[in-house]
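Shared between the two complexes below is chain A, which has chain B as its partner in the first and chain C in the second.
Showing the complex of A and B:
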């Protein structure tokens, strides 16, 4: 009966013994991995949060007190809170006013230069806002600002002063507009054109369609974009630090920085302040999670359907000019200024040939031990964070998506907590937790690694679990049935299928580490500065060209990794 | 090649009715056993329990002498140690591996040498008639080719049992028809014990040595395809397998060497089966077994006047819907039929073609 397909079966019996051993090894390995992630989440997420709360009720000597909260609710801090919210509100309004119309013009009209505007906005999105803030200070500061000097030469006046509330709001908004732009643009692009065409067929004019169909359909995205922008503005550190502090304008994030920079640092009080801050961020996030999530319409179209473009006629050039002006101000101009300053002997002299030098790059990259150390620290930190978040992220995503483990929801929530807490606040918890035994990490790179792990873990879990969801269970089951145990199935099937997601996750976490500023600044000791911290300190010391050179190096790194990551995401192989 | 024997298998996903509710069956060595039933009746669950991909709550699964699962003696051999081949409904070919690697994977795991593996891959590809696609990636194969590679992958390492979950469901109608015979052919050549899941009754007819009809997690009836088709025991089986006219019947009493009872349109005689008389609820008769004639056929019992309501041309046959004393009866007649809608005819049910069924 069995003919050509039958082969000697003896070869099968030999491996049976081997495989029984493998099963128990599998189980041990799995148990170990599970235990490791639970332990690390407990230590690096939960423990700092517990200390944040406990610390806020303690004096520096460890006695229980409500004193910090009494002080937090004093008029100075309530005013500060008010200022923060007002600042957040205004910067959000301005950013929305910039981002949403541009999204419409890019997604729906025949304006030229769309892909340029999209790319520029994506780049602005990923660059740290500190960069624009610094560049704008170089340009518009009252005395030495480049434009003030130019006006002084030409007209004998120095009309600009960046160190004002409106200066702070505008610069922040320039860094924040991509949040709403990217969201609304993609919502508009993915909207089924038939919905609008249907309105046209029943006789609606173009503006009527915009008002009655398009706008209501993208309203959820606009609201989500607004909310994300508000969260961004509430926690942003760069502009409030380099523009706000000299102008004597404080917001929550910078106040935490100031409290911890005084001597002795008022750690426990800062914890109480952080919890107040956390409360407000929590309101926005709750709004995000529970109110906005429900209000989305599914209007997604299949591939290939492109909404018809609305012809703007001659106005298309006006639209182009406006969008161009925005992209120029938010990205190209500040970047050009930083580059030119970093290459100048005397930074206040405009572009002149005899003013050109690469000495600052040489300093920053090869001589100055401070920046050299910071580059090394940044790279070490980024590598460690990538390795730790990636391995934990893989295990956690696997447990959440591919197992029926009882604790998988807990795991999910636990790992996303730091994502929903302002970076500065979580960092205060990290300091409180790791400044004392049994885990004394303060002053080492270890405390930065601990903080980065918790804060960037969600960046890894998110894409990895999305990718795992795409892998049909039957692919893994087919491996088991064919005779591969859990570990072999994981190694030979799951991981190779995740290859591209892993690669893009690595790059994105790497970028997040490079651009991180607030945690780094609160945690860094003199010998554990990152590039961002070094740039910030050099800035404070007035080493203008070196600051610019270091920032340029950082920006180039961020851009390179970001671009590679995006092209990797765009090339998923096994569709 | 070993038989699979399942005893009182229970699998519950959630509180409430079990997905598989106490199934016992024997899949004989070298034969094809098909689990057939409507959606949600627990076919896939049963198959996955055999594969070790689900852990049953109760019962026992044996492969030959080896106990694969037993709730009583707490045995549960992991899937990878059962030496089973499985063809998944979506084929589950690993997209990052070529055809060669897909088929070779299970062989390498069993410690085969390189040269034997490659020889075997060639053999398997010849068997499924895809010898020239050894280096193709699964994404570049057509649905039918993927199906055959999945089959080859499952057979490559000489599994004791081959499990197939709706193996043909993703193919278009024509290919499905072809692959039924192909599948049967390959199974016969390898002689592997096969358990197949389907909800397509004609597929089950062609493929199986034994059909197991399932309903709500239980076995409704099992037997050879012919037996299931010609001797359904319940109304459910009669309706689910093929087309059936079900004639309600009451007042059953012995008559000669058979039984007689009252249908809506008159008295009807039928043979005495193995079933207890009280349990008989209806008589099942296949549309092709009803005799149509213009005049009352004197030689046949059970002849009743009828009116033709509708005639539908179906290709090989013509479906006639006739009204017999208020009940609609479907009849399949040859294309040569000379009749028109509205004609009055006689329908006769040969007693041997009337199958008493339970409710």
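Showing the complex of A and C:
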């Protein structure tokens, strides 16, 4: 019967049409996504950098000049560069000296209180360094610092002066130690214990094992931790602003801030200054590549096997005391000081009962539109940045890892450029780019979102591409073979497998947005202040109690966020 | 938006007050058109270096009276000028009204063509020295730059008597002073010091290891806590700090306390030009000046009394810096200061 023959034929041709349509829809979708990603990277990463370079050769009127570079290569700015380097180096060394031994004690010994130390370090990691810096001013300022007053009462001397180079280094290191701690702690925990056990079996002493097996194995993590800490210290703004500026000690971030916050603002000169710093940062980065290239990470394998805990005997209480002292100094004491100031009527009257008031919290949370708006702005920015970096990060990581597209290496480099550039420097480029047509974003939340996107995108790409690499291609091919299109494969196979790294990306980027100060302070307009900017401005205005109250609000936000994250992810949070 | 009873009451009182003013002062009748146009613009953006309580007080009074919301930005005068300069470059001006605690910034901006000439009705009776010759700005309040000491630690006998005493080595490590890089009244204070004693005094202050801070309130905190014992301050700040319980005492130097005139003006190309003008009229009105006076600023109007806790200007010797010179030498002075004191 003709109909019988016609039926399969028509159904066959129908499904082919359907399939071709599906494939072409897939292709269009893919093409669109790639175009979007390239366009946004071009606009948000490359365009600001082009303007950073062009601007450094221009006057404010747009005429070409080399004048800025003449000034940049004067002794003052070269000294500043040296100071920045020296400060970064010292703060990094101190932070490592604090973080690495504590990581060993927490990960590998039977010291009590481990989970407390881990949690406290993670909270310290999330808090902006501005938090410690402000609190430490009250504790250690040379004449009126709380501890100086105490020592004066007891011994008649005031031994501490925070407004010095060493004060600045120590406070910065206290805020920076969690970075190396968390990294090394996680490396030590996930280390393959078989190697150490083998060494013990053949009679190596405990010290020998530590020196010849453990240390070499975690060295890459230590170096990575050191590098991250150095990058953190290179761009950190809080301590240099709160402690450095009154002591006339300037580093890169604060110098850029000062150049831009006076009148007339020297935008183009700052661009030239930024280029100088950029060259300097490039040296650091090359060093990292050089050091890390020769190291192999393969000896650190998956979890499951818990390395044996080393019994410290009575020393475990000494270790506990030391770690406790660190956590107390870096987190609990500053927090207590800020809480006490935020609840005082006259902040110079320490610990007097009739001095108690909650008025400053009422001001900050319910009265001042400025602080209220700043809390809202912070949350909006964090959400937008999480969404944008996550979606772009997924696409970029997919292209880099799972395709053989010719442009994928360009994409890789492009998206990691802002990571290798100090935040303040990149932000100068962002101002120069978006203060002029055709993309006038200056003065809007948009310019903050643009800057955050570019700066925090690497935080998303890193874990996502690492996770994608672990997903075997055969899974995706299986999907294809079963007839699923690219989009369906992605949606049904790839994305569900990425769940954990998506979560950790959300956390990382959210935290980065919450604690970001330097970009926010350079970009914020009156109605686009973030919490950190608002706190810093209140500090500048001398509103000590309101500043403290806002910082305590931030601490509460961080604690809530931390508790939620921990209950969702559990102990893997610390990795 | 929820409207509660107080707001209705306040609104009613404001309307009653407005009617009263309208009846009593015929000159305001001409403003009816301005009020109407200002209301149509919907809001006004106000950048000011006044203390937060002052700024919020005037903003609230204005909103209660005219129903026009005020968006406030409070920062040091120099920082306001910096913000304005960047906004002007971007071509997207947010600010309608700028007020700094010294006219230098606004005159500089006027010379760059950024200020809209405006002679407020309520400023007609002010003396000529309280106004820009081309109406680029109008004086809105007065502050005196003087010294503060820690009241617990420094007795009246040992306190510094003059600006020149800041050079005394006995104050080494005990002084705090505000940078002209952040606040405009801090520039006025520096200009005054230079006129009285030249750079020698600044050099001596450097030798005395003077702590440099960004704004007078930071100086107050440093002196009140005993971190430093002597500092510069503006009267608009010091009276407030003392009323808040900080252990401070004002010292009016023999050479004269340095006068710093707050100046207010409309930005050229302001998004809400009529609301801007109305806000300035309000600041200069008896009511607006009253709010400033209650919040420790000396009013520019003769008919508004000085706040109770404030020492009347007639009892204080004053020194007024040369305003033309202050503008011409601004960049040069600030640069020299920065290289000397902040590096």
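We take it that the second predicted complex is superposed on the first by the 441 of 575 C-alpha atoms of A that agree within 3 Å, B and C clash if a C-alpha of one lies under 4 Å from a C-alpha of the other, contacts with A are read in each partner's own complex, and residues count from 1 in each chain.
We take it that a residue touches a chain if its C-beta (ideal position, glycine included) is under 8 Å from a C-beta of that chain, and two chains touch if they have at least 3 such contacts.
Predicted model only: the values in this text are computed from it and were never measured.
A.B. asks: For A:248, select first, second, both or neither according to whether it touches chain B, chain C, the two together, or no partner.
C.D. replies: In the superposed model, A:248 contacts chain C only, not chain B.
A.B. asks: So, A:483: does it touch chain B (first), chain C (second), both, or neither?
C.D. replies: In the superposition, A:483 contacts chain B only.
A.B. asks: Have a look at where A:263 lands relative to chain B and chain C in the superposition and call it first, second, both or neither.
C.D. replies: Only chain C; A:263 stays clear of chain B.
A.B. asks: Could you look at A:370 and tell me whether it touches chain B, chain C, both or neither (first, second, both, neither)?
C.D. replies: second
A.B. asks: Taking the superposition as given, does A:541 touch the first partner, chain B, the second, chain C, both, or neither?
C.D. replies: In the superposed model, A:541 contacts chain C only, not chain B.
A.B. asks: Once the shared chain is lined up, is A:496 touching chain B (first), chain C (second), both, or neither of them?
C.D. replies: first
A.B. asks: Between chain B (first) and chain C (second), which, if any, makes contact with A:433: first, second, both or neither?
C.D. replies: So A:433 meets neither chain B nor chain C here.
A.B. asks: Which partner does A:271 reach: the first (chain B), the second (chain C), both, or neither?
C.D. replies: neither
A.B. asks: Which positions of chain A sit in both the chain B and the chain C interface?
C.D. replies: Overlap of chain B and chain C footprints on chain A: empty.
A.B. asks: Which residues, counting only chain A, touch chain C once they are in their complex?
C.D. replies: Those in contact with chain C are residues 60, 76, 141-145, 163, 245-246, 248, 250, 258, 260-265, 267, 345-348, 368-370, 431, 435-437, 440, 442-443, 525-527, 537, 540-544.
A.B. asks: So in the complex, which bits of chain C are touching chain A?
C.D. replies: These residues of chain C touch chain A: 45, 47, 51-52, 56, 71-76, 78-79, 81-83, 85-87, 89-92, 94, 105, 108, 181-182, 211-222, 224-228, 244-247, 331, 334, 339, 341-343.
A.B. asks: Under the definition above, what is the set of chain B residues touching chain A in their complex?
C.D. replies: 1, 30, 51-53, 78-86, 88-90, 92-96, 105-106, 109-112, 116, 120, 123-124, 126-127, 139, 153-155, 157-158, 163, 189-192
A.B. asks: Can you list the residues on chain A that touch chain B in the complex?
C.D. replies: 1-7, 9, 11-12, 14-16, 18-20, 23, 472, 474-475, 477-485, 488, 492-493, 496-497, 499, 574
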